[in-house]
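Read through the structures below before going on.
You will see subunit A twice below: alongside subunit B first, and alongside subunit C after that.
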Partner chain A sequence: MAVNTENAAAAVQDWLRENVTGGREVAEDYALIDNGVLTSLQTVELVTFLEDRFDIMVEEDEFDEENFGSVQAIAGLVASKTS
Partner chain B sequence: MAHPEFTLQDLLRNSVERGPERVAVVDGKAEHTYGDLDHQSLSLATALQEAGVEKGDRVGVYLEKSWEAIVAMLAASRAGAAYVNINPLFKPPQVAYLAQDCDIRVMIGDSARLGELEPATISGTTFYKGEAPEAGISGELVNLAEALESGDAPVEEREVSEVDLATILYTSGSTGMPKGVATSQRNVVSGAQIVSTYLENTPEDRILSALPLNFDAGMSQFTTALRVGATLVLQRSRLPGDLMKALRRHGITGLTGVPPLWALLLRSTKSIQEEPLSHLRYIANTGGRIPQANLDELKRLLGLSGTKIYRMYGLTEAFRSTYLPPEEGDRESSCIGKAIPNTEILVVNKEGKECAPGEPGELVHRGPTVAMGYWGNEEATRRAYRPNPLAPPELLDVERVVYSGDTVSRDEDDYLYFIGREDAMIKNQGYRLSPEEVENLLLGSGLVHEACAFGVENPDVGQDVIAVISLRDTGEDNGSAVDAIRQHVIKNAPPYMVPKEILVRDDLPKTGSGKIDRKGISSAYANG
Partner chain C sequence: MKAVIRSLEENPELLPGVDKLRTLVYPNHPEAYDVGWHSSVWGWLERHPLGDEMRRWVVATEDGEVVGHLAAVPQYYRIDGERVVAYTPADYQALPGYGFHAFALMRRFFRYAGNCVSSDQVEEAMAVETKLGAEPAGKLQYAAKVLDVSQLPRLPKAARPALWLPSRALRAVDYTLGRAFGGDLEVQEVGSFDDSFDTFFEKVAAEVPCVPEKDAAFLRWRYGSGSPHERTTVLGVRGAEGLLGYAVLRVTQEGDNGYLLDLTTLPGRRDAARALLREAVRRFQGAGVYIVRYRFNESPTSPAVGDLRRMGFFFREGRRHTLLVKFEDRGLHKTAHDTANWSYSAGDGEMSFWVR
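And then the complex of A and B:
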C-alpha cells in the first residue's frame, strides 16, 4: 500500500487514541507538544512505532516540534520519507 | 543597596532595581523584561485581591509553562497568597483532588484545560488564558490577559514575611494520595540562595527551564534566575531537535534536568561533537541517578566545551539536600555528594544514632529549606518531620528535620552514596507515585476487583509502574478488559501513572492479615 499523508495521519491518530488521549480524537492541526498532549517520552515511543510501521528512519535533527507538533506535521514527515 | 532577601517579592524588587530593561523571561519569540514582570505581577495581584483572595489563600496555577505561569506565582505572592502550581499533565480527577485538598478557590489556567474540569472544582473566580472556556466552570470568569494589562494599583499592599506560606508543592509518598508540601517564603528564598550559590549563577546566565514548574527542582530555575537577575528561557518541547535549537539559539549557560532528559540530549551526539556547546557553563541533574553509560558519554561530550556537570539530590519536603561539585565528578553514579550550603545532612540508623562511615542509614535533612509539613495531614507530617535527634535536650525550641525514607551511606571523606528505599514508593521520570494512587485509578475503571501496583527498576526512567490485577466478573474476556482498563487510566491520569504492564491473575496473594501481598507479588514478578 502506498503511504500518503492520509493513511499516515490515520495511523498517528490510532496510535494517539490508543496510547495518549484515551480514545479521544484530536484535530489534525492541534498543537500536540505546545499544549502538553504529547510528552517527550511518548514522542520517542511514537517515533519507534512510525519507524517500524513505515520502515523509515527519523534523523536526530528532524526530531523536533516542527515535525512532531501536530498530526498533520507528523503525517507530512512520514509521507515525505516514504515517497 | 540591595534589599534584604526575605520573600519572593524582595528577590523581584532587587532584580528590577538592577535593571528593569533586562530580559527576565523568554517565552517562544516573546521577551519579557524585569520591568514587565514587576508591572504585570502587580496588576494580577490586584485582580486577585479584587476576586476576594485573602492573605494565606491558595491560588491554583493550571497553566502550561509560560510567561503567564511565571507572573502568576509572583502575583499570588504579592497578594499575600500561596500559589499552587498544578502539573499541566494532570487530568480533571487529579485537579479536583488537589483543589479540594488545599481548598483552592481561585484558579488561573489555560482555557482548554479549564473547560474539561468537573464544574464543582473551583467555587471562586477563574482567570482563563485564551478564549473563554465554554464548560467546566461554575464561578466567575476573568480574562487573564486583561487582568495582566490592567495596570491597576493594589487595593492594599499586603505585608508578607518569611514565615508566611509561599507555595504548596504536591508530591507523593509511599502510601495514600498525593500530599501538599507547605513551603514558606523562607524555604523558597533560602533554596534560591543556596542553589544559586553552588551553581555560581550570575545576571549573565541564560537558564533553560526544561522541567515542570510544579516540581520543586523545576521551580528552582525560576527562583534562582529571579534572585540573581538572570534570563529564564521557557522550554516546553523536550524533543532532541528542539532542545539543541534552544540551547544554541539562546546561548544557554545552565541546564537542569532529570535522567530521561539526558538520554534525549544524547540523541544529538553528532551535533554536539561537530559543534560543542561552548556557551553551556553547567548542566545539573536531579530526580534520580543517571545510568553510568549515559553519565560517561555526557562527560566526554560536554568535556569538549568544558561544561561542568553537577549531580544533585533533593526531596520536595526540604527542596534540595545535596550536590556533588563538578570537580568530584569521577565518583561513581550513586554518589549524591555532600550537603548543600547552610545545611546539615545526617545519616541515622534505626536506633536514632549517627551512622559510622560505610554503615547504611536514613538520610535526614536539617536546614532552612525544611518545609512546614504536609498541608492538612498531621499524621504524615509527624512521620517525616521529626525533632532533630541530635539536638541537646536543654534546647527547648523543637527544631524539625526531614526524614527522607532514603537509605544512604557516608564514606570516610563525608561523601554520600544513595542505596535505595525500603518502602513502596515508585519513582518514574523524577515523579513520585504511591502504589495506592495507581491502584485507586485502576479500581476506578469499574472493571477491576483487586489491584496491586509496584515499581520495577529501569535505569532509563527510574522505575516502571507494573500492575497486577484480578477482574470483576463482567463477562468480558481478559484482553478486552485490560484494553478498557488501560484506556480508562490514560484518560484519567498523567502519562507517568500509566502502568507499563497490566497483568491479570485469578486471585491476588494475601498476607497473614488479609492484605494484598505487594512485596510477594512484586518479588514474584521480578523472578519471572
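And then the complex of A and C:
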C-alpha cells in the first residue's frame, strides 16, 4: 500500500486514540504539543511506532515540535519519507 | 528556536558552550563553574583504552548556543565469560524547552551504542533510557554510616559542641564492633595495582556472570595518575591463595565525606569483606569525615547487607540508583538483566566519576 498523508494521518490518529486520548479523535491541525496532548516522552513512543509501521527512519534533526506539532505535520513527515 | 545535534569532536568550538550549559543546568552547584576540573575529567576519559570510541554530542541552536549535551562513555565488561564493550550515557543535560532534543540526543546515543550499562537515579533520564530500549536490572544498595553527628549538615552551630560527646561514644562503639567483627585477617594498604589484581579479577569473573572488567590495567587507569580519584586509599587483604579482596576509599576535596568506591572480594569471602569494611571505617574515622557513603550491588563479592548493618550502616531507600542495561545479543542481555548476576560498585562506572 502506498503511503500518503491520508493513511499516515489515519495511523497517527489510531495510535493517539489507543495510547493518549482515551479513544477521542483530535482535529488534524490541533496543536498536540502546545495543548499538552502529546508529551515529548510519548513522542518517542510514537516515533518508534511510525518507524516500525512504515519502515522509515526519523532522523534526530527531524525530531522537533515543528514536525510533531499536529497530526497533519506528523503525517506530512511520514509521507515525505515514503514518497 | 531551531536546534540541531552536532558532534562535539567535529565541532570543538562548541566546547565553551557546554561549560556554560552546565552552569545554567546546575546554577547552585559550585563545581559546575570549575571548567578546569571538568576538562581534566574529560581528558582522563579520553585516555581510557577505549577513549577513541567515546563520543560527545551537543544540541546547538542556529546562534551557536549549546542547549543540550550527552556523551557515550565506553567500558569493557565481562558477561557470561565474554569480553564486551558497553557504553554509559554521561553528563546528560538539556535546557528547559528542549525536551524533544533531549530525546533526540538519547536516540543518537542508542544508535551509536549497541550495548548500554547505566546507573542512574534521575527519573526523567531513566524514563528516556527505558523508552529507547534499556531495561532496569534492579536497584543498587545505598548504605551510609554517620561517624560524627556533630558535623551533620543543617545542624545548628550552637548544638555542635553538645554532640561532641555522643560522637566520641559512637567511635567507641565502632571500635568495639570492629574488634568483634573483623576476624584475624590482616588488612594492608596497597601501593600499586600489580599483577595479583589480574589474577584476582579472573577468579571473580570466572564465578560472577556480569562484572565490569576491573583488571590491573583498568584499576591503574581508574585510580591512577590523572584520574579524578588518584588520591584514594587502597586496602588489600591477602591469604595463602593470593589477593582475597581490596577496597578503594575516597575522601572528598572538602574532607567531610568518605566514599567507599569499591570493595570487592573473591566470591564468598565474607571474612575478607568484613575485615576490609572494618578497616575502611577506621581509616575514614582517622580522616575526619562525618559520613561514609557506599553504593553497591550486594553479591558474593561484596559485603553482606547484614554485615553493614552490624557495622552501623543504615540504608537509604529513596536514593538508590537503578542499574539499566541493554545488550544487542539477547543471551547477554538476559544474563545482564538481573542484578543477582552482577558484581558492581559505584567506583566501577560513570556514576562515581564526578565525585570530587
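In this text, the second predicted complex is superposed on the first by the 83 of 83 C-alpha atoms of A that agree within 3 Å, B and C clash if a C-alpha of one lies under 4 Å from a C-alpha of the other, contacts with A are read in each partner's own complex, and residues count from 1 in each chain.
One rule holds in what follows: a residue touches a chain if its C-beta (ideal position, glycine included) is under 8 Å from a C-beta of that chain, and two chains touch if they have at least 3 such contacts.
In this text, all values refer to a predicted model and were calculated from it rather than measured experimentally.
Shared-chain residue A:D34: touches subunit B; no touch with subunit C. Contacts of A:T43 after superposition: both subunit B and subunit C are touched.
In the overlay built on the shared chain, the residue A:E25 is in contact with neither subunit B nor subunit C.
When the shared chain is aligned, no partner comes close enough to touch A:D55: not subunit B, not subunit C.
More residues of subunit A lie in touch with B than with the remaining chain of the pair subunit B and subunit C. In the overlay built on the shared chain, the residue A:E65 is in contact with subunit B and with subunit C.
Legend: residue contacts after superposition of the two complexes on their common chain; A:D14 is shown touching neither subunit B nor subunit C.
Across the superposed pair, subunit B and subunit C both touch subunit A at residues 39-41, 43-44, 60-61, 63-66, 68.
Within the complex formed with subunit B, the residues of subunit A that make contact are 19-24, 33-36, 39-44, 60-69.
Of all residues in subunit C, those touching subunit A in their complex are 2-5, 99-105, 107-108, 127-128, 131-132. On the subunit A side of its complex with subunit C, the touching residues are 39-41, 43-45, 48, 60-61, 63-66, 68. Taken together, the subunit B residues at the contact with subunit A in this complex read 64, 88-89, 110, 112, 236-242, 244-245, 260-261, 264, 267-271, 429, 461, 487-492, 495.
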